[in-house]
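Would you mind keeping the following structure in view while I ask a few things?
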């Protein structure tokens, strides 16, 4: 019989404690971010789609068209083409296409890139209704980059 | 649990299986081929099918302590031995050795009651008529694992209470992990 | 009495109460959403109007402009009748509630009885809605609602009888009048003569939560088990009426609790203090909305009970306590009165 | 529950729970045979998010299979990453620098906490309490921010490489982790006051869904389900890997076997994770995070290899069969919730629907991991 009453009292106490916690939280400031009006800066290591790194001095990329990124990609996202050109040692990159719809951002391409020519971009708010909008021409992108 | 007892019982079981197969019964499989296998040249050819028997393999390399190969119809006996020893069935899976025209059914057992002890039991069955008795009578948890193996390899588990597709759609007619599966 | 004036007054009150009920239902949704958001450290609706104040209107417009889907195979008459039947009794009850000495539509001698009678219609509506939907989740929900409401009507009625014993009337105005003279005279406190006042109040409050199907007793809705319970199949204003009915019932439960336990329109301070001590409708609304806030806070704090613990609570704890309470109060009234 | 199901000859009906249902946390379907509110039989139907990860393992090189690991159990992806890289390191004999091991343990444990926090919120949501979910998300968000700064992703991590980690961590991350440890230590008592001690929650969990140790053994259940049934089995202790033997932590075990025991195991496990993180940060050495010599093409010796790690939900094991090539001949993924869920059918017989769903929640299901 005593257990019956202590159960009720203990239960009631736990309920009151719960109420006091939520009521206290009610008076605290919201912690959410109102997305369209505010947004976060992406961290330096954020993994967006890959892009060619622009060399500040030469104004171009470091790619030697070795094809390691293409080979290492688990999902065949990358298509590159290098050509022999007159007066230039090694191959010259003429096409670097990324199919971002298939990419899983594993970073194998970057880990396997010997000259360190590619990096993750910090773009995250990508949206489109067309698949083709995510087929990137990274060379073109590099040219447009300021 | 007495590990030595379990190993002895499994050895006895495997020896019975070898008696059924006169061509392998003459050779006692006690050497540690774990080392042998590693020494083999690295080729794309799958290793030769192993003889039935119990091997104590290098845990640090293989991740298991005891490797047992038995006849297909002995898996229930093996499950009973390991069940009595208090072990858990962790997973069932298959491997398609298409070059030998054989399917291997692999049972992973582990011990959850104390020090780590892992036993793998494997049985090779014909690829053309893949049937093997179910161990779901001993370990009810095998039910889903066997259904999954049926999905992927088409191995028929005799006596299984509900051998239907588990992960694949119920109307599919292929077994994707067979090596001659070419997409659907 | 002049019949013409009487009818005119009746219409004014009726329109007023319908408007009050609808506005309350709409803005309690806003309070619930905003309150829940701040309890959870979010901001809640904020885009439609300042502080999202126009959100209920937007929601209402959306609900009204949607198609009222009647699924194939449902019991059409019951399916359509059910949402209406949740809303009508709720508005009827408002007629009897005295918001102050002057603001009341009809001063019934048996006001309390009428409220309880109409409140029981609600469960019928939920049963009809759940049954007519031809949805298994809705049927389970309907069965739950019925057993829950029956179980909680018993302790609630016993408590109401206790109050009637103490105040000696079933007229709501007289029950409030009996609590005049500051907080110490409220039925809530033992100082009013009934030493079991607080327990009476708590039992009544729990019962009113259960009767209005509010969390933690929202077994009928139980969104993580039964999708949306009895209104799973309802869309458009069918759903809207269920929704409004739920909030109207909360207002009624809070108003009734205010009348029975918190001294209605009387100030908690003695009447000798100017302004703050005066009785007015403001005090009534303050008490009522504080109770409603408690109901909201409870919803966003506790997990849901199961059917058995719900029934256990009623039969094993609330009913014995309320019966003992009734006996003790009757004895006290006999001794002191 | 003291009450028993109604008699057999009452009318029964079938109820399809899912594949879209709020309580199944994903595309799980459960075929229920109901007797009023009682579950007579519950048969989970799987495969709605089956992606044949095992076949992918046979078609990709060892390194290319890395991103798949983040997509099995997306809530504790790093445990899976760890299990896979350790297996391949074992096969290829790659030594991992000590700093990388510490980073792996710190990030894995952070991930484990985030997984348990999400389970905690979602579980209370199953029981009808909405608010703790948002509080748990608040804390989880801090972890995701920290992990994002290191791994670059928030959910489907692909951070470990064979022989180390993708990149080093900064001191900011370590101090951030310590700050988080401090923060969660103040938040956990709040959770206990708000949720664990709540009488309604206790009534819903205590004695509900009892799973005996024997049943766990027969079904191969592991992780918190097994530890909630009184078996002290945690691969971090029983089959130590990485640097766990150097760290001092306890394995919470509750003998009751009911939903409350499983709840408490996970809540206590979070505290132990905090201890692990603290010690690992105190001990972390300087040095490289990648092994010097990692072969470009990994060609392990032929044979089969088994490796098991303790993921947030139990034993995650991989059986890889190699034929000496750069890709697996067979890759078997043994996921913990697959076995944990398989006991649902037997254990849920005779339960109330609400209790059945609470029981299912206490198993902590992640459907992509079950379906693979």
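Should a chain be cited, it is by its letter among A, B, C and D, assigned in written order, with residues numbered from 1 in that chain.
In this text, a contact is a pair of C-beta atoms (placed from the backbone, for glycine too) under 8 Å apart; a residue touches a chain by one contact, two chains touch by 3 or more.
Fair warning: this is a prediction, and the values are worked out from it, not measured in the lab.
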Item checked: Pair of chains joined by more contacts [C-beta pairs], B-D or C-D -> B-D
Next item on the list: Tell me, please, which chain's centre (mean of its C-alpha atoms) is farthest from the centre of chain A?
Entry: C
Next item on the list: Give, as an integer number of Å, the spacing between the C-alpha centres of chain D and chain C.
Entry: 44
Item checked: Chain centre separation (chain B, chain D; CA means) in Å -> 27
Next item on the list: Go ahead and note the Å separation of the Cα centroids belonging to chain A and chain D.
Entry: 24
Margin query: Which positions in chain A are in touch with at least two other chains?
Written below: 15, 18, 21-22, 25, 31
Checklist line | Set of chain B residues in contact with two or more other chains | finding: none
Item checked: Residues of chain D touching at least two other chains -> 131, 135, 138, 194-195, 198, 200
Next item on the list: Using the contact rule from the top, write out all pairs of chains that touch.
Entry: A-C, A-D, B-D, C-D
Item checked: Contacting residues of chain D [partner chain A, same complex] -> 60, 63-68, 70-71, 131, 135, 138, 148-153, 156, 158, 161, 166-167, 190, 193-195, 197-200, 296
Margin query: So in the complex, the part of chain A that touches chain D is made up of which residues?
Written below: 10-12, 14-15, 17-18, 21-22, 25, 31, 43-47, 72-74, 104-108, 111-112, 120
Next item on the list: Over in the complex, which chain B residues touch chain D? Could you list them?
Entry: 34, 37-38, 40-47, 60-64, 86-91, 93, 95-96, 106, 108, 110, 112-116, 118, 120, 139-141, 143-145, 148, 152, 165-169, 176-177
Notebook entry, point to check: Quick one: in the complex, what on chain C touches chain D?
Noted result: 36, 39-42, 136-137, 140, 143-144, 215-216, 218, 222-225, 227, 300-309
Margin query: Which stretch or stretches of chain D touch chain B in the complex?
Written below: 46-47, 50, 52, 54-55, 58, 87, 90, 216-222, 226, 231, 233, 238-239, 299, 301-308, 315, 317, 319, 321, 323-325, 329-330, 332, 334, 338-339, 342-343, 346, 371-372
